Amino acid sequence: MGRKRNGEKRFTFSVFLKGIVHIAAGITCLMIAFILGYILIMGIPNLKPDLFAWEYNTDNVSLTPALINTVIMTVVSLAIAIPIGIFSAIFLVEYAKRGNRFVKVIRVTTETLAGIPSIVYGLFGMLFFVTAMGWRLSILAGAFTLAIMVLPIIMRTTEEALLAVPDSFREGSFGLGAGKLRTVFIVILPSAVPGILSGIVLAMGRIVGETAALIYTAGTVANIPGSDGLFSSGRTLAVHLYVLIGEGLYTKQAYATAVVLIVIVIGMNALSGVIARRCQWKTS
Amino acid sequence: MENIIEIKNADLHYNDFKALKNINMNIPKHEITALIGPSGCGKSTLLKSINRMNDLVEGCKIEGEFLLEGKNIYQDYDVNILRKEVGMVFQKPNPFPMSVYDNVAYGPRTHGIRKKKDLDDIVEDALNKAAIWEELKDRLKKSALGLSGGQQQRLCIARALAVKPKVLLMDEPTSALDPISTLKIEELAEELKKEYTIANVTHNMKQAARISDTTAFFLLGEMIECNQTTEIFSHPRNNKTEEYITGRFG
Amino acid sequence: MRELFIKQLEELNKSLHQMGILIQDAIHNAIEALKTMDKEKAKEIIDADSIIDHKEKEIESACLHLLLQQTPVAGDLRRVSSALKMVTDMERIGDHAADISEIVLILNKIEYQDILDCLMKMAETTTKMLDKCMNAYLSEDLKLADQVADMDDIVDNLFVEVKHAIANAVVMDKENGEQVLDLLMIAKYFERIGDHAENISEWVVFSITGVHKDERVI
C-alpha cells in the first residue's frame, strides 16, 4: 500500500516536473517569437528603397554605408582575431604540456576577458588605439578593439574543438613518424573545423551586434570609408541603429534597420550551419 | 633464429608507478609474437616503448636497453625514423578523416614522397598487402570513415605498411571487431609475417594460440614466461601462466 | 566461465569414476560367475555391458562438448583429451568381461583349481590396476600410474603360468580338452584386460605430464 502511494507520489512529481519543463520551453519560444514578430511587424512596412540609398543623408537615413562598414569591420576584426585565436589555441592544446601552470593562467585570463563588459573594451580601445597609437576614431581602431573582444571566444571554441579531436588521430599520425606540425595541420585541424567555424560565427555575431565598444573607437560617421581607408571613421549597422534610436526622430527607420540586422544575423547562423554540415559530411 | 628486437633489463616508470620490471625479451624476425596478460600487466606499455609512443606520456621514465637490429631505439634513432621502421596498429581503428587514398598516402608523404605515380604505386601495394585493395579500389577518393570497422582496421594496417616498416606493433587490433573481421585480420597477420615482424598485444588467448609463434605472458609489470606458443599453451612452465591461460584468474 | 568449466570437469571426473567402477564390477562378477558357474550372473554381466557402452558414449559426448565450449588449454586440454582416449580402452575391458561371461555360459565345470586360482589372481590384479588408474587420474598421481605398468607384468606372467597349466591339462584330460581350451580364452581375455589397463595408465600419465609412451604428444 505504502509502496503504491510512493509510486503515485513519484508519478505526480514527474508530471509536475514535465509541466515545468514544457512551460519553460514555451516561454522561451514565445519570447523569441514575440521579439521577432514585433520587430518584423514594426519594421517591414518601413523598409523603403530610400533606406538603401548609396549616400547617407538626414532625409533618407540610408543604412547602406553602415552595412558596408559592418562587412569591413567584421572582415578586418576576424582577420586579426582568427589567426591569433586559432594559433594560441593550437599552442595551448597541442604544444603546451597538459596541466602546465602557464596554460592554466592563460585559460583564466581568456575566461576573464570574455566576461568583461564591452564598454570597457571600448574605453581601452579609445585610450590605446585611438589616442596612444594615434589612429583617431577609425575602423581600424574599432576592428582591433573588437578583435581583442572576440579573441577569447575564438580561442575557447577552437580549444574545445581541438580537445574534441580523438587522441587516436594523434597517435595514428605520430605512429607513422609524422611530426607535431604535420599532425596538427593535416590531421587535427581539419577535424576541428566545424567546431572552429561555430566559434567564428559566434564571434561574427558579437561583432555585428556590438555598439558600446565601437562608439568610442570607430566613431559614428555614417559614410563609407573615404580616402583614409581603414583610418576613416565609420559606423556599423548596430551603431547606426543605436544612433537612430538615440536621435529619437527616426523610430520607424530604426525598426526597418533592425529588420535588416536580424536578417543578417539569421542568415549568418544558417550559413554556418550549412558549412559545418558540409565539413561534417566530408569527414564522416 | 634472428631477433629483430632485443629488450634488455627494461624498467619503466609512470611517475612513481613501476609499470615494467626488468623485462628481458627478444622478438624474433618474421614471426608473430603475442603479448598476453591481464589488464594493466604492462603488455601494452611494453609495446608502446618499442616505437616510443610512451614519449608522449607525461612522467614516463624508461631504463634499460631497447634494440632494433642492434641499434638502441632511444639513442641511435630519430624518433620519426624509428616510427617509420616500427609501425603501429591500434586497438580502435583510427583512420584519419580523409579519403582512403590520403590515409594510406599520409605516411609516405610524411617521409617526403611527393610524386603522384610513386604514391599511387605505394597505395595500391599497401592496400594489396592489407588484402583490401579489391574492396576499396573503386572508392579510393571516398572518406575512410564510411568503411566498416573491419575495413577501417585493415586500412590502418595498409596505412602502417605504406611506410615500409620492419616491425608492425599491434595493440589489440581485433578487440573492437566482429568475428569475421577478426579472422580476416588474423589471416592477414599470418600472411604479413613473411615480410614483416609482428608483435601483437591481445586479450584474446585463442587468438594468441591461433596465430602467434612466440607468446610472452605478463603479470603486474613482469614478464612471467616467454616461449614458443605451443609450449605456453600446452606446457606452461610457470603456474601463474597456466592459471591465466586456463582462465583461473584474469 | 571458469566456474561452469570446473563443474563440467567435475562431472567428467565423476562419469569416468563411475565407468571405472562399472568395469571393475564387471571383471569381479565375471570371475565370480566363472568360479560358481553361475549362468544367470553371466547373463547379467552380458546385459550390463550395454550400460558400459552407454557410459562411454556419455563421456565422449561430454569431452567433445568441453572441447567445443571451453576450448581448454594446457592441463585442462590434456585431461579432457586423455579422458577421450581412456574410455575407449575402458569400453574394451567391459567387452572382454562380457566375452568371458559368454564362455562361462558354455562351460560345464572347472576341475582344475590351479588354473582357476591363476585366473582369479589375474582378475584381482587387473581390477587393482584399474582402481589405481582411476585414482591416479583423479588425484593426478604419477607414481600410482607408473605402478600399473609393473602390474601388467604380473598379469603377463600369470598368463604364461596359466598357459602351462592348461597345456598340461589338455594332455592329461583329453575328454575335456575343448573346455580347458576355453579357459585359455578366458586367460587371454584377462591378459588383454591387463594390456588395456596399461594403456589407460599411459593416458593417465599423459594427462599429468603430456608425455605418452615417452613421446611428447603436445
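Annotations
By written order: A, B and C. Residues from 1 in each chain.
In this text, a residue touches a chain if its C-beta (ideal position, glycine included) is under 8 Å from a C-beta of that chain, and two chains touch if they have at least 3 such contacts.
Not measured: the values here are computed from a predicted model.
At the centre of the protein atoms shown, by the Cα-centroid criterion, sits B.
Each chain gets a centre from the mean of its Cα atoms; the one farthest from the centre of chain A is C. For the pair chain A and chain B, the distance between C-alpha centroids works out to 46 Å.
In terms of their C-alpha centroids, the spacing between chain B and chain C amounts to 52 Å.
Measuring from the averaged C-alpha position of chain A to that of chain C gives a distance of 91 Å. Shown for chain C are the residues that touch two or more other chains, of which there are none.
Residues 205-206, 209, 230, 233-236, 242, 245-248 of chain B are the ones that touch chain C when the two sit in their complex. Put simply, chain B touches chain A in their complex at residues 51, 53, 56, 58, 79-84, 87-88, 90, 92, 94-98, 106-107, 110-111, 143, 145-146, 156, 159-160, 163. Contact residues of chain C toward chain B in the complex are 1-2, 5, 71-78, 210, 218. Here chain A touches chain B in the complex through residues 97-99, 166, 168-179, 182, 186-187, 190-191, 282-284, going by the rule given at the top.
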